[in-house]
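Structures follow.
Below, chain A partners chain B and then partners chain C, in two separate complexes.
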Partner chain A sequence: MPAHLEIIGARKAFRTPEGGTMTALDGISLKLASAEFLTLLGPSGCGKTTLLRTISGFETLDDGDIVIDGVAVTQMPAHKRPVNTVFQRYALFNHMSVARNVGYALEIAGKSKREITARVGEMLELVGLSGMGKRSVSQLSGGQQQRVALARALAGKPKLLLLDEPLSALDKNLRQKMQQELKSIQRELGIGFVFVTHDQEEALTMSDRIAVLAHGRIQQIDAPSVLYQRPANLFTADFLGESNLLPVTLDGMSAHLADGQSFEVARPSGKATLLLRPEALAVTPPAGPSLSFSGRITQTYYSGKDHQIALDTGQLGPLTALIRTGGTPPEIGATVTLHAPAHGLHLIDETAA
Partner chain B sequence: MARRFLTLYGLLFFVFIYAPILLVVVYSFNANTVNMMIWSGFTFDWYRQIFGMETQVTESAIYVDSTDQLYAAIRTSLTVALSTSAFSTICGTALALAVARYRFRLAGFYRTLLMVPMIMPDIVLGIALLIFFITIGMNLSLMSIIIGQSTFLISYVFVTVSARLAEFDTSVEEASADLGATPAQTFRKVTLPGIAPGILGGWLLSFIISMDDLVITYFIAGTGNTTLPIHIWGMLRRGIKPEINAIATLMLLFTLVIAAIGLYFRSRRQK
Partner chain C sequence: MSLARRKFLQLLGLLGGPTLFLLVFFFGPLLIMVVYSFLTPGLYGGVDWIFSHLNYGRILGWADTRYEKFDPVFLSIFGRSLRLAALTVITSLLISYPAAFWISRMTPGRRDFAIFLVTLPFFVSLIVRLFAWVLILRPTGFLNQGLMGVGLTAQPIEFLYTDFAVILGMTYVFIPFMFLPLYGSIEKLDIAQIEASADLGATRFQTFRKVVLPATMPGIIGGAIITFIPALGNFIVPSVLGGAKVLMIGNLIEQQFLSARNWPFGSALAMLVMTAVLVLLVVQLRLARHGEH
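Now for the complex of A and B:
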């Protein structure tokens, strides 16, 4: 299957008011299969919005190409691209009714009244707003406006939908509901979604793949579980979720921690960093070889299911662990020993910055 | 104490502003033909007189043969105001869009330059226009009034539309383009409706100012092009007679109606 969207070596720099330049996209390449849900994740200012805007045609690339379904659209003006966007602040047309908003793309395409009405009805039903067509958009709640924006973007049957933090203005419950709905709509329609979010959990639960961006570059692009369990570099490991990063030295056969513990690993000699997710640490030692860490509890947070504790191990520095203690909460100042199985550990090469 | 003082101040303030206007309205219904400052009963005679209807007032109390001239003046004023306001609205809106949307050197300078005509003393502008028309050899006519008034009315439209554009969220224009609309379609379906209240406001404002302008128009009207303000000015030179009050009251009513229309459309759009 050919790639649905292909970005090849995209570069974009903005001129800053101070007279310098700011590189927003620094050579981005990626491919999106049709019907794939790709999320762009990264710290503020890393170029997520800029990347979306170059796909939709509101920014022109300094260098590189954008190909949609085998057609290079790099020089094509925004209104000719087969791509629609759900804007962060929805950007609904306030002077039009809900129905006219949703039918706008069809109205522009010169479709017949009957066709538009039918499609608008279909779209409103899809997003759960049946019967609201006559309302003015300013009479809608934030969540409803969000749905109108989605319906409007989908009505013209785009080949690709771009979503720039579409859920960020919603409260937590509504957001979770919309996450599921978005996902099921995407599956149902079978079109590609490029989704931008700040919310890691949202990215992990919704995406087929996630592209982690920093400084205008893709740090890693992989399935959520791969990204979480086997981050390619320190940035991704640190950015995504909680992590304990422990430096190790390699001698070709095994890896050695600073406190003398070691475990077997097949890697060339050098330096690397061990990634230990907080949930990998447990109070009861696992069967088989394990690593253990003793220390004094310096802080505890109760999250509802687990206790998150901060442990001061002395030589290895602070560690964060998620533990299930079965009722008795860990106490600050107490000394505990935590264990992690010594197999399947993930090492990050220091050189992969 | 301070509160009382403020209330009193507020009251005096409104009396100060509205008392003269109220007086004119009241006088316009006063039947006293000799001294309008003494109330001697209610009458519509002054209004009837304006429209050339039969009245019981004596010759000496009225301006002779004013009705036809008044109608002609109103016609001239309306012609001028309609043309000027339409022309100024189109130019002012286009300028506001250009300054707001395109980045060019000296944009701030142009913006200031466009506002200057509003603060320019009328007399200076009037003289300047007169000399200009004479220099280029243009006859003073309706056309010269329209061109002359437009030079400063464009500024008013520019300012009103610019204010509206400043609060207009351009992301809806991007949304429109994103959904396939060409720039022209986006302008017609999204931008224009978005800034329509500003355009309407600018149009009404320029219309009212044009109807009302005396000083500048007086300089550039030449002979034979009597607008309503010039006509009234001419009547006043023949003495103040009660008819003036009726004309002033009608003009006030006309202006209020136009302002009300503007407010109505404004509030309807904001809903």
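Now for the complex of A and C:
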């Protein structure tokens, strides 16, 4: 099956007000299967929004191609592209009713009144706003405006929906609810979603695949679990979730930590970095071979279901761990030994940028 | 003293003065004008306290006495004033709209400077600026010399003392009045709405018609009204650039008060202008209310 969306070697640079140039996209290539939920994740300024805007047609590429359903749209103006966007601050038309907002694409396409009314009703039902068509946009809450923006973007049956940090303005509970709804709407419609966010939790919960962007390049593009457990490079490891990164020396058969502990790993000799997620560390030692880290607790944060503690191990530097709360809460200044199983550990090669 | 009573006295103390001031100095003169417009002109200016409806009759058609006769010229001058004021509104709108759009998209520093430039003419006397236009437009002025210099015309063109000169002058004078409210509504327009419209398939023209124009309509209406009202009653521009040929209602009123010394008739003419403006405002309010629903 041909890729739904294909981006080939996309490059884009902006001129800065100071007269220099800023490379927003530095050779990005990716493919999106139809009905796939892809998230572009990265810190601000990484190029994720620029990439989205080149797909929608608001920015033109300096170099490279964008192909949707086998048709190159690189030179196509925004209004002719078969994609629609949900904007960050919704960009609803304030002077129009909810229904006219939702039906705008159809009105522009010259559809009949009956057809528009039917489709608008369908869309409002999909986003849970049935019967609100006559309201003015300004009478709606933030969450409702978000839904109108979604319905408006979907009404014209785009081949691809682009979402530019659409949930960032909502409070946490509403955001989580919308995340689930977006996901189920995407499954129901079976069209591709390209979702831009800087919120990693959001990216992990919603996406089929996540493309981690930094400095205008894709650092890694993978399923959320792969990205989290087996990051390809230090940037992804560090950016996604909390991580303890410990340098190790490889001798071909095992890896050695700076404090002398070692574990078996079949890798060519050299240097690498061991990724230890905070939740991999536990107070009780696991069955089988394990690594252990002793140190003084320097900070504790209580999050409800567990304690996050900062540990000063001395030789290995600071470590972060998540400890299930059950017994006595950890105290600052106390000495504690934490353990991690010594198998299935993820190593990041030094060469990976 | 009860709390309500004390609050009332506080309010009275705060608002009483300004209210009284407005009543005396704003409505007072207006009232005098209304009363004068129904009196008989005195022989040497001023008024005789004898009721007369003939001031209006001279304008609107029923006066037919020896001294007070109906003359259609008054209505035709009023008609011309309406026409020139309307054309002034249209030309200032056509100039201000793209300018406001352009300026609203500038970087903040340049934007402030551009707005300063728009309001700059306010700092120079209106009369001086209008006489500068006389220098430009007169037969031996810059414009005609330039046109003859490049051979576009052999004879000087009569720019001065035409409708054209008056519209040009009034547009020049009133552009800031049109620009500022327009700018207010155009600056508020979210550029993302324009992108959203394009994203949903609209061409630039469709976006303008369905999104940009309706969203900036309050500014257009506001600018049109505060341009139209002073343009309608203006007498300085037509007297400098229109001369005796392009008389507007403002000139006529001025003449009645200063040269003809017919205060009642001048008052009646002023009432006519005020009625036209009030009708316009009512229509605008109705339209605005209609637009909300």
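Everything below uses one rule, namely that the second predicted complex is superposed on the first by the 352 of 353 C-alpha atoms of A that agree within 3 Å, B and C clash if a C-alpha of one lies under 4 Å from a C-alpha of the other, contacts with A are read in each partner's own complex, and residues count from 1 in each chain.
Methods note: a residue touches a chain if its C-beta (ideal position, glycine included) is under 8 Å from a C-beta of that chain, and two chains touch if they have at least 3 such contacts.
Bear in mind that the values here come from a model prediction, so they are computed numbers and not experimental data.
Overlaying the two complexes via chain A brings chain B and chain C into a clash.
By the touch criterion defined above, A:L245 lies against neither chain B nor chain C after alignment on the C-alpha atoms of chain A.
When the two complexes are overlaid on their common chain A, residue A:A223 makes contact with neither chain B nor chain C.
Residues 56-58, 77-80, 83-85, 87, 89, 91-95, 104-105, 108-109, 152-153, 156 of chain A lie at the contact with chain B in one complex and at the contact with chain C in the other. On the side of chain A, the complex with chain B involves touching residues 56-58, 77-80, 83-85, 87, 89, 91-95, 104-105, 108-109, 136, 138, 152-153, 156. The touching residues of chain A, when paired with chain C in their complex, are 17, 56-58, 77-80, 83-85, 87-89, 91-96, 104-105, 107-109, 152-153, 156.
Of all the residues in chain C, the ones that touch chain A in their complex are 107, 190, 192-193, 195-203, 206, 210-211, 214-215, 217.
Put simply, chain B touches chain A in their complex at residues 169, 171-172, 174-183, 185-186, 189-190, 193-194, 269, 271.
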